[in-house]
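Sharing a structure here in structure tokens format.
Residue numbering begins at 1 within each chain, and the chains themselves are lettered A, B, C and D in the order written.
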Amino acid sequence: MKVGFIGLGQMGSAMAANLIRRGHEVTLWNRSLDKAAGLVAAGAKLASSPAAAAQGDVVMTMLADDAAVEAVVYGDKGILEQPALHISQSTISVDLADRLARSHGADAFVSAPVFGRPPAAQAGMLFVIAAGQNAALEAATPALEAISQSIFRVGSSPSQANLVKLGGNFMIVAAIEAFAEAMTLVESGNVSRRDFYEVITRTIFNFPVLRTYGELLVTEAFQPAGFPATLGLKDMNLVDAVAGERQVPMPVLGVMRDHLRSVIATEGTELDLAAMGLAVRRSANR
Amino acid sequence: MKVGFIGLGQMGSAMAANLIRRGHEVTLWNRSLDKAAGLVAAGAKLASSPAAAAQGDVVMTMLADDAAVEAVVYGDKGILEQPALHISQSTISVDLADRLARSHGADAFVSAPVFGRPPAAQAGMLFVIAAGQNAALEAATPALEAISQSIFRVGSSPSQANLVKLGGNFMIVAAIEAFAEAMTLVESGNVSRRDFYEVITRTIFNFPVLRTYGELLVTEAFQPAGFPATLGLKDMNLVDAVAGERQVPMPVLGVMRDHLRSVIATEGTELDLAAMGLAVRRSANR
Amino acid sequence: MKVGFIGLGQMGSAMAANLIRRGHEVTLWNRSLDKAAGLVAAGAKLASSPAAAAQGDVVMTMLADDAAVEAVVYGDKGILEQPALHISQSTISVDLADRLARSHGADAFVSAPVFGRPPAAQAGMLFVIAAGQNAALEAATPALEAISQSIFRVGSSPSQANLVKLGGNFMIVAAIEAFAEAMTLVESGNVSRRDFYEVITRTIFNFPVLRTYGELLVTEAFQPAGFPATLGLKDMNLVDAVAGERQVPMPVLGVMRDHLRSVIATEGTELDLAAMGLAVRRSANR
Amino acid sequence: MKVGFIGLGQMGSAMAANLIRRGHEVTLWNRSLDKAAGLVAAGAKLASSPAAAAQGDVVMTMLADDAAVEAVVYGDKGILEQPALHISQSTISVDLADRLARSHGADAFVSAPVFGRPPAAQAGMLFVIAAGQNAALEAATPALEAISQSIFRVGSSPSQANLVKLGGNFMIVAAIEAFAEAMTLVESGNVSRRDFYEVITRTIFNFPVLRTYGELLVTEAFQPAGFPATLGLKDMNLVDAVAGERQVPMPVLGVMRDHLRSVIATEGTELDLAAMGLAVRRSANR
């Protein structure tokens, strides 16, 4: 399959590598091409514009935020100029996904954001959340299978996948928040963070996401950031935007946005998402 | 080992059965003895008072709340009259655990609450969170091993185990709250609760507690209650009490206590803890 | 003074009438001119465009939201084409105020939002919150004096006045929220809403804003809306936007945005701001 | 009228002085009698026990908390031993008020807490919130008139007055919280606290309670405490207790209890209630 791939961050590079490994003909575009060398060595071609990357069967985008996606779609020589099926995998707003669906048309757009961190991307073991018209989803499947262990279809309107992705990210941040509050509580009784971490992650909350973030809460090794607090706050703002449009009260969201603001106000922008636990601890003077 | 066992609810009966199965000499006491027949058939003796059940090596208590524990310890013919090591496994307040430790003395009291639901209790696969003096913990170990798959020691002061237990219960309720908020959000975009459940519990939140409560959020089969909302609120009030004594702000706790109050005000007292999701959905008019 | 006036809603019409009454030469522009007849009869002229209204000394704008202000400033024949001092009195975002200041230049732009409801506007008894360069503020003063009982200067950067206005509106909504929560509490003990209203507004909270909104909480006469819940939510979203940019946690804001969402989800868009009290009462099943 | 008066703190001493001034025969009891000298000089008698102070027509109690009231009512030589009408003016729990009503009987107990600070007490200008049986309220009126500018009757069950008092105190703390959040927001835009205070308290929130606490937020002169944060938290815990019994969600209450805990954790127990604003500012790193 001829696959364009746009966005060579940590996640995107690993996904593109798996597409090549599975035998797809991959054409890359990225704002800076210094990250592309290894992929070119592995067989990828370089495109001179997003549109040039979108001349095959599908074009996948894996970018940082709404603005980056808008630039490669609607900008000069954007992929909208080409008929390839656009598979949007970035964590973007529900509004932008709706707009992309209107711009591309129902048969040329699929939303397919992913759950999983860079190691899962490297192993081709991501989880894909996909939504769109059936025919478009079928057409996207070979490319999506190359990067994932499972594909979940959640609806025929592409932005439904983005909504599910945002809902999942909300739950991750909420799990960190709850772990931080509980950890601060037990510390007030001189139970060590490490002991609490061991009990929780080896008994009732034995799953990788909580082990990863819980470890950070224990060690407070918030730099370098695996997933920065600023991106976490961006995601929670996307959740707030869609919750606001649909009038869905989400009180835990308000708590977490405040804690993220607090930690960014106090610590700056370089820390990991788990640093939101600092806002909890400091409020208790610990 | 001669083990007294007090409290034959769903959890306690299963725990006592495992003690018998592992060869301990078990003497039972319960407010009503109708639940004791099977255990007597399996070899247990019946005691005529809590104190009579506490004439062996250890006496374990597994009761509903502070008042029930206070009654069997401090009441007429209470276990305080006997020297057996008291292993307190109920979910009680940190304050009561501290008081029990003072009453029994450090060498005669261990706190050992558990994580796990009735099926885990039946299988002898509970997780035990234990705290107390080393010698007391050593003395308690044979009895605790009979009911559990692991024992975590979290400190030398017994109430530290209660604090960890309450912290864990807080995290469980917070996970339900977050799942309910996210589920309401995605429903606002016509993603089905079932689809969201499948995505979440088979990808980033793949662990039994969330599957159990998530299933209830999807089906809304809140009766009969596996674990009633009223008990969940009781536990959250215990968390609030100790957080208040130690001046630990826990904003997610406030959100959840309000939702539990709301669902009890609206639905009464018979529903499962997961019914707190109704408070979330109704606030969004869904 | 030659004064252009743009925006003839309830507030704007009353303000324009006072400008005429005080002897200013007033030129009006409004999207629909049906509201202008009385003012023309009193001596105002009609302009054919926003720019045409901005050919005097100052042009005042009193419009519903950011979009309406952007249209008359940046749109076709917008006031930016004319050099008149722009006095912006609408409740708009801090960001838009900053952009207007850049577009007009420091000597041609003043922010001067107001506190007060239509009766105060009719009586020329508004409170003006003004910010901008001193010379610009001096130039604006005669026009502002015509509509107000006092003018408070809060800074040299125009958007500071918008920030203060948003802070004040936040406090009003918070006062309604707190009154609603307390009223629901006392009702749970069979104290009547009216009795509580009398006690509160005749003792510790004896001031007009709370009497106005408290009366609505008691009678629940939420239609027609004096100030709609939708506008209140819009304002709270403006507060959230600037709080987010400056990383200021405001937990009561989160509570109130959720309640406003809830009441709009449940009751629709026609109710008064005070209807947010319904979200409080319903959560208590009252 | 023969009036016993128990509790000679700042408030109680001033109230007792007004009773004497109005010609009542006042008999005092206080835990420590060093504060009684001035009142004795003015004509009061000293009692040797609470019961001895309760041998007249009415006995008024104005004490710090539930425990202090329980001690003088139910303790050795408590006022329960005497038939005098008990007028309870302390800020106590709804539960204790209900218990006192049962103990004394409906014709011998009135709840009559007050709004107002020491200067209002000295001037005999308190506001009294009274509840109880009509005959009992009538009997209490001469004594209550001596200390107040108005008496509001809110129900026939005494604890209804306590509920209203707690609701009012909740609203005061909420007003401080909202002022602190808004003040922190405008400071983020370099508007001075003092300027914001002037605007708010001279326009839409022009009433004494907010001026008093707002001044403290501006100057941060939190010591000596006029009304300590610890007492504010005690009151908010009483609100939480009754809200919990009646299943009334009060989300702003949760926010404020957390902020009070935070400031006590960080600053200790000596600061004024208004210091809760520090918890707000610090979360924004200001």
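In the analysis below, contacts are C-beta pairs under 8 Å (C-beta built on N, C-alpha and C of every residue); 3 or more make two chains touch, one makes a residue touch a chain.
These numbers come from a predicted model, not from an experiment.
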item	value
Chain labels contacting chain A and also chain C	B, D
Between C-D and A-D, the pair with more C-beta contacts	C-D
Most distant chain from chain A, judged by the mean position of its C-alpha atoms	D
Rounded Å distance, chain B centre to chain D centre (Cα mean)	39
Distance from the mean Cα position of chain D to that of chain C, given in whole angstrom	36
Centroid distance [mean C-alpha coordinates] between chain D and chain A, Å	53
Residue numbers of chain A (touch at least two other chains)	243, 246-251, 253, 255, 258, 261-262, 265, 283-285
Overall pattern in which the protein chains touch one another (line/ring/star/complete/other)	complete
Chain D residues within the chain B interface of the complex	237, 240, 243-244, 246-251, 253-255, 257-259, 261-262, 264-265, 279
Parts of chain A lying in touch with chain D, wherever the complex brings them together	251, 258, 261-262, 265-266, 279, 282-285
Residues of chain D touching chain C in the complex	94, 115, 127, 129, 150, 152, 154-155, 157, 159-160, 163-164, 166-168, 170-172, 174-175, 177-179, 181-186, 188-191, 195-196, 198-200, 202-207, 209, 239, 242-243, 246-253, 255, 258, 280, 283-285
